[in-house]
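Dropping the structures in below, format is structure tokens.
Shared chain: chain A. Partners: chain B in the first complex, chain C in the second.
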Partner chain A sequence: MKRLVYAFTVSSLFLLSGCWDKAELEEQAYVVVMGLDQHEEDENAVKVTFQIANPQVGSSARGDEADEPPSDIVTLVASDVAIAKEQVHAIVTRKISFRHLATLIVSEKLARSDQHHQLIASLIIDPEVRHAMSFIVSKEEAKDFIHANKPRLETRPHKYFQFMRERWREIGYVPDSNLNRYFQRLGGELFLAAYATAEKNNAQQPRKGYLAGELPQEGGDPVQIIGSAVFRYGKMIGTLNGRETRTALFLREQSFVRNAMETFTDPLNEKFEISARIIEAYDPDIKLNLKKNPIEIDVTIPVRLQMVSDLSLTDYSTNLKNQTRLKKSIQKQLEKRTMEMIKKTQEEYQSEPFLWYLNARRHFRTLKEYEAFNWSEKYKNAKVSVQYEVEIANFGEQTKPAKLRKPKGGHES
Partner chain B sequence: MIKLNDGKIGAKEFFAMIIFMIGIKFKDGTPELLYEAGKNAAWMMPLFSLVFLLVPFLMLLSLLKKHQTGFLELIFKLTGNHVGSILILLLFVLFFGSVTVNYRSHAEIISTLFFTKTPVAILVFVIVAASLYIAYLGLETIGRISWLILPTFFALMIVLIAFTWRQINWGFFFPIEGPGLAAVLRESVKHSAIISEVILLSALYPFLQKERDFRSSFSIGIVFSCIQLAVFLVLLVLVFDFPGVANINFPYQQLTRFVTIGPIISHAEGLFLGFWSIVTAIHFAIYLILLVFLFARLLRLKENARLLIPLAGIIFFLSLFPENVFQLTEYRKAYIAFKSWFAFCLVILLWVLDKWKGWKRQ
Partner chain C sequence: MNTTLTGHLLYNVDKLKNIFHYPQSKALYIRSVYLSFLKREAVVFFVEGAAEIKTIESRILTPFLSEPVQTMDDDDIIDFLIEEILTSSICKKITTFDAAVNELINGNTVIFIEDERAAISVVTDAFKDRQITEPSTEFVIKGPKESFNESMSTNCSLIRKRIKDPNLISELLTVGDREPQQVTVMYIKDVADDGLVKQVKQRVNQIEIDVVIDLTILEHLIEKRPYSLIPSTLTTERPDRTVSFLREGHVVLLMEGSPLALIVPITFWSLIHTAEDQYLRWASGNFTRVIRLIALVITLLVPSVYLAVTTFHPEMFPTDLMLAIAASRERIPIPAFWELLFMEITLEILREAGIRIPTVIGPTIGIVGTIILGQAAVEANIVSPILVIVVSITGLASFAIPDIGFNIAVRITRFIFLISAAAMGFLGLSLAFIVFLAYAASYSSFGVPFFAPLAPSLPSSNDLYTRPPVQKQSLRPFHLFPKDKQRMKNRKERNK
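Coming up: the complex of A and B.
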């Protein structure tokens, strides 16, 4: 009897959860990518694109449905995302869920409008929307971007973005932007969002630093994600190419890119380029002098280099004189690039994406004092100086470049 | 024969109860109140409140030691039957109100973030029922469960900090004084009720195995709780930044959503939700049993376990009154401001009365 009572009590625990919020796995449609576009005519409407994953693709349960596509893409027009999420059930059989929504794509046109911030700020009201959601700006319509994004090796769309995010963190051509960071930077600081496109615009300014779509490419996946969209006050105001984005990330005190390849002009033979892996061994040292007018910003960045290519075949490793020249030249080139980039932010964007405002906040005791200081305004005219402390850590696994040993006078046949 | 159950609790159980009464308040609507008042320096508030309450706490401990009796008996002894009854009634009403509001706000957290379709009434009912069950098993059980859960609780909190570490930016810590030191101090005093609620736990003084245990557990527990609150208030600011953190309704729950263990386990918040429910049930069981204590003492009832069910029933119905969580926040603010001063003054009053009686006798 006692056992019976016990069994009854334990089994009745399963009823405790109730049926209101039950979620049958079979009946869920997981949106993995969402796109937002401006409506052409109605400026208060938004075009919402849902990319819904097909969980059967890429799993062992594939079985009979071998011909189903990896995802389904639906676009509809609504006044906001919440309404679209419900109205989509006129088309989609299963219950739409944002629980696995990790990527948000916003078209550049929408990002440049006032409507953008209103949409994003009201999107976050939905408790299913996560603050860690990736934030990407597409050059074309988000709808077209999602349709065009058919990666060949990653059939499942969420895997594509997940792996891409890992690469961004390693390489730094793209900021690892998410909604949380967007909401942190609404006070006049610049927010950098990943910039992507499937529209190719090949062979522009080779070897200078590319923006998505400019990287010359043949074959491979249709989408390029490189560079960043610059936001100020929740509105897109411009772009930074891959190299500039990386520089911006490098200049942050807590930079997450520690390991990046960069090419430099060869100091002994200007026709050629020399490539190095930059390892940011220590955090940059950022000194602010806010008492002066204009304010002074002094940045020292210690970097260690690992030479990875030497096209001019000059001996930089054993010849110490060459090594010093190389070091100095690389230092100058890095400083020049960085200063150009800083100038661009001061003149064009009138604010900074380097999170130096956080350094400035340390100089104030209260929020009121900091707000009264008006950092962005002061930054515009700030005197910025950047020093790189270059150290060459190694030259790869060759002691000297392998030179061709041609006999003097004539060719061998 | 050694008696296994004597209805009393030891030092470590009492310590765990203090943690679950005060130290876990970062998990409910409290951070919202504190961030609004203290901005990005909200983390200082529990610490300043502790400093503010230091004198009353020391007075309380010395009074308890001198009279060797619980807090409620102490009130009667020092203020007399009539005034004592009024004071206890007031305490009861205040606590009853805030417990009711807290039940509802916990249900709102679940309703808003996790179970959006389940009626709030059902959620309140489940929380009330769970805490009622634990409270029904008695003080000793509550103490034991608290102590049993505590290591897991700490382990999970360390996991939470470790796995959200990547989201942290120490720059958000500054400007260090937030709205200004004076403002933070002022708000700390106003919000000291968040911590001074612990005074009521001294009603349990006669139920501790050793009276020395009470003092050590009480002091360590309250200091530990305040530090824990401060740590989490800092963590939340470092992840979301101010004013973002003040805009988020339930920042702790949002924080648990950042926990990803490798690329595969990306939704670990369920683990935290499950554990949070257990902790919540214990939290409220402690409050329930304290309420029953107050009520039973007020009416001089011997049997108090039977009071639990009607009391929980009233709480359940009353908690359904407010329309939404933002109305609750207004109630909570009013309660907290009043309770802060009430608790402070009550202890001072008792101490002064005690001294006065001493002089009169001489």
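Coming up: the complex of A and C.
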């Protein structure tokens, strides 16, 4: 009898419990990219685009599915994403799963509307939604962007974004934006999201920092991701180009972008340009004086310089005088660029994307006191001074620029 | 039956014949001799196959039939024969039929003398034994290559060869009511805890059974929890390993006819250690040990983790791996759980068949295994290729667990984990793991906790997951309560 009770208890444990979330891998459709667009007429509707990965493309289990596309793209109109996720089953055979959804694309039009924050905030009610998913703003409709995004080297769409994300962290032209970051910056600070487009606009003036679509390009993948969309209070208010984005990331404490290639005017020969790698050796030192009115912000950024190219072929490596001039010139140019960028945020966006609010928050005992202080309002009028401490690391492998040795005065034989 | 011998030779001979069912049974051999120097009749008995005829001829018959140098000067004829006539080194005077029978079945020769109330037993046993061979299951690359054989005296000798210490006690106990068998209990007197020795002897003495067939059966009989998955004793075929356990303060049991030594008490650590861990240098020995621990974890968890992730938590895979598994599973008609169970059971069948299969057709199993398990099942879309990898890694890893009893216990537990993972994913898996761990932690072998000296934490040489260099293994494990706690004095004491 006792044994029977035991057996019953143990077996009922397995029979009565479990298996709720059980689903075989192959019975699910994995959305890897999701796009959100505003509906043209209906204000309360949203166009949801699912890009569903096809497991068989790119795997060894080929067979007669060789002609299948790498992904299936479906667009639906629904009142929100959760409804769309249900309704899509009128079309898609397998159960839609967001568990591998790592990229969210929002059209600029939607991002600039009030509807945007409502959609995003209600999106994360679904426990399947990953908070670490990348957040990208597309210049055109997200649907068109997803359709246009056919990378040549990466057959699988998730791979394209996975690799791209790694490049963002390396180069810093694009912020590594994700949903978590978005939700952290809803209090008037600026949130930077990756800005992308498949529409080309080559008419811009060159070499001053590009926004997606402006980079002159021939051949290659159709999509450009560079620069950032600026959000304030959950709404897009403008853009920063690649160079500005990188400067913004440089000014952050504990930023992942630690080095950047930049071009400068050659101090000895203004006709030419010098390219150098700027390495942020330590965290920038951010000093705030919140007692003064307007508040004072003092930022010191220690950088090390690595010469990459020297088109004027001036000898900087052995001539100490030239070195000092170079250092000073580069310091000035860096400070000028940064100040321009800071001014832009103060005047145009009236807040900052440098996460200085985190430093400011430390000056208050309670969150209430900080909120009463109204940081972004104070930042608008703040006196900001930026100082770069430039140190030359090296001039590369060549000790001296190789110059042409033409005989003086004489004729060439 | 425990009657004493009478002074009447014919009566004694008849009675012994009756006991051995002579002449129906041809086991008993009888040879009468006339001792001319005593002017008396004597009868020599021995059992076919148990005693060696050559020894009997040279040690007993030759001295009996030749004229002795000495003349009879003793009062007792038996003593006179033992002391001055017989040339065998071990002779015994016996007085009961019981003793006579016991001597005979153990291969000795019994001599009845006319008009004497006692008999002589001469050691002439010659049971056939296997040679001492290399260990077949606990093989090492570096280290001694001897293993026990089926003779208890050989096994004792292999142990005594290594411990030349008068404190090494071997006590004889008897088990079995119908066919009494001898069990040797070995321990080092000034190391092993008295309480432990007493407890082991008590367990052996408490056994109530007609016959103990083998040491492995004795192993079951002295265990406290016969239904437990985890073994509480350990058998080894290596004399060197036995000796190292003896030196730590363990108790060793030996039995005639068994090529193993039974070691009690044991812990988790003794089940996963091998002799070679100590023979190899510190780094190499620890490396192999860590590999074995990894293999243990793989055997226990890989199939169930795979199942839990694929059916409950696909987000835990990198997208590419997830898509690859999904693609390979697209045409599989059965759920992942049944697929995995089918493969695991096939693997277990393959293992079992591999042991039972006659050596001559042994290679067939490899072909059948690789073709059925590997290729055909995948091509027939019954299993996915990734699952074949999971199952083969698990199978391979399970071979690395050295102790056979523990090995099978782990393989059984693997199925329990598999079912839990199929029911509730990681939640079920972690619940089952907690239950398993709690059971193991509360389990004890002869009063020693299974995870001692890690949990409960007791002083020891830390010979656990890894081992320190030999010169730092200065303490005997305290969970055995050794009388002599230190293996070596520390340097300060030595220099005094």
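Note that the second predicted complex is superposed on the first by the 386 of 413 C-alpha atoms of A that agree within 3 Å, B and C clash if a C-alpha of one lies under 4 Å from a C-alpha of the other, contacts with A are read in each partner's own complex, and residues count from 1 in each chain.
In this text, contacts are C-beta pairs under 8 Å (C-beta built on N, C-alpha and C of every residue); 3 or more make two chains touch, one makes a residue touch a chain.
Because the structure is a prediction, the values reported are computed rather than measured.
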item: Contacts of A:131 with chain B and chain C, given as first, second, both or neither; value: first
item: Chain B versus chain C as contact partner of A:369, first or second or both or neither; value: first
item: Chain B versus chain C as contact partner of A:399, first or second or both or neither; value: neither
item: Partner chain in contact with A:11 - chain B first, chain C second, else both or neither; value: neither
item: Contacts of A:53 with chain B and chain C, given as first, second, both or neither; value: second
item: First, second, both or neither for A:162, with chain B first and chain C second; value: both
item: Partner chain(s) touched by A:254 [first = chain B, second = chain C, both, neither]; value: first
item: First, second, both or neither for A:97, with chain B first and chain C second; value: second
item: Chain B versus chain C as contact partner of A:44, first or second or both or neither; value: neither
item: Overlapping contact positions on chain A, where the chain C interface meets the chain B interface; value: 18, 21, 99, 102, 130, 162
item: Partner chain A, residues of chain B touching it in the complex; value: 39-40, 112-119, 122, 126, 167, 169-172, 174-181, 239-242, 244, 247, 254, 257-258, 260, 263, 266-267
item: Chain A to chain B touching residues, read off their complex; value: 16, 18, 20-21, 99, 102, 127, 130-132, 162, 180, 183-184, 253-254, 355, 358-359, 361-362, 364-370
item: Residues of chain A defined as touching chain C within the complex; value: 13-14, 17-19, 21-26, 28, 30, 32, 53, 55-56, 58-61, 97, 99-100, 102, 130, 156, 158-159, 162
item: Chain A partner contacts - residues on chain C that touch it in the complex; value: 310-312, 314-315, 319-320, 322-332, 335-336, 385, 419, 423-425, 427-428
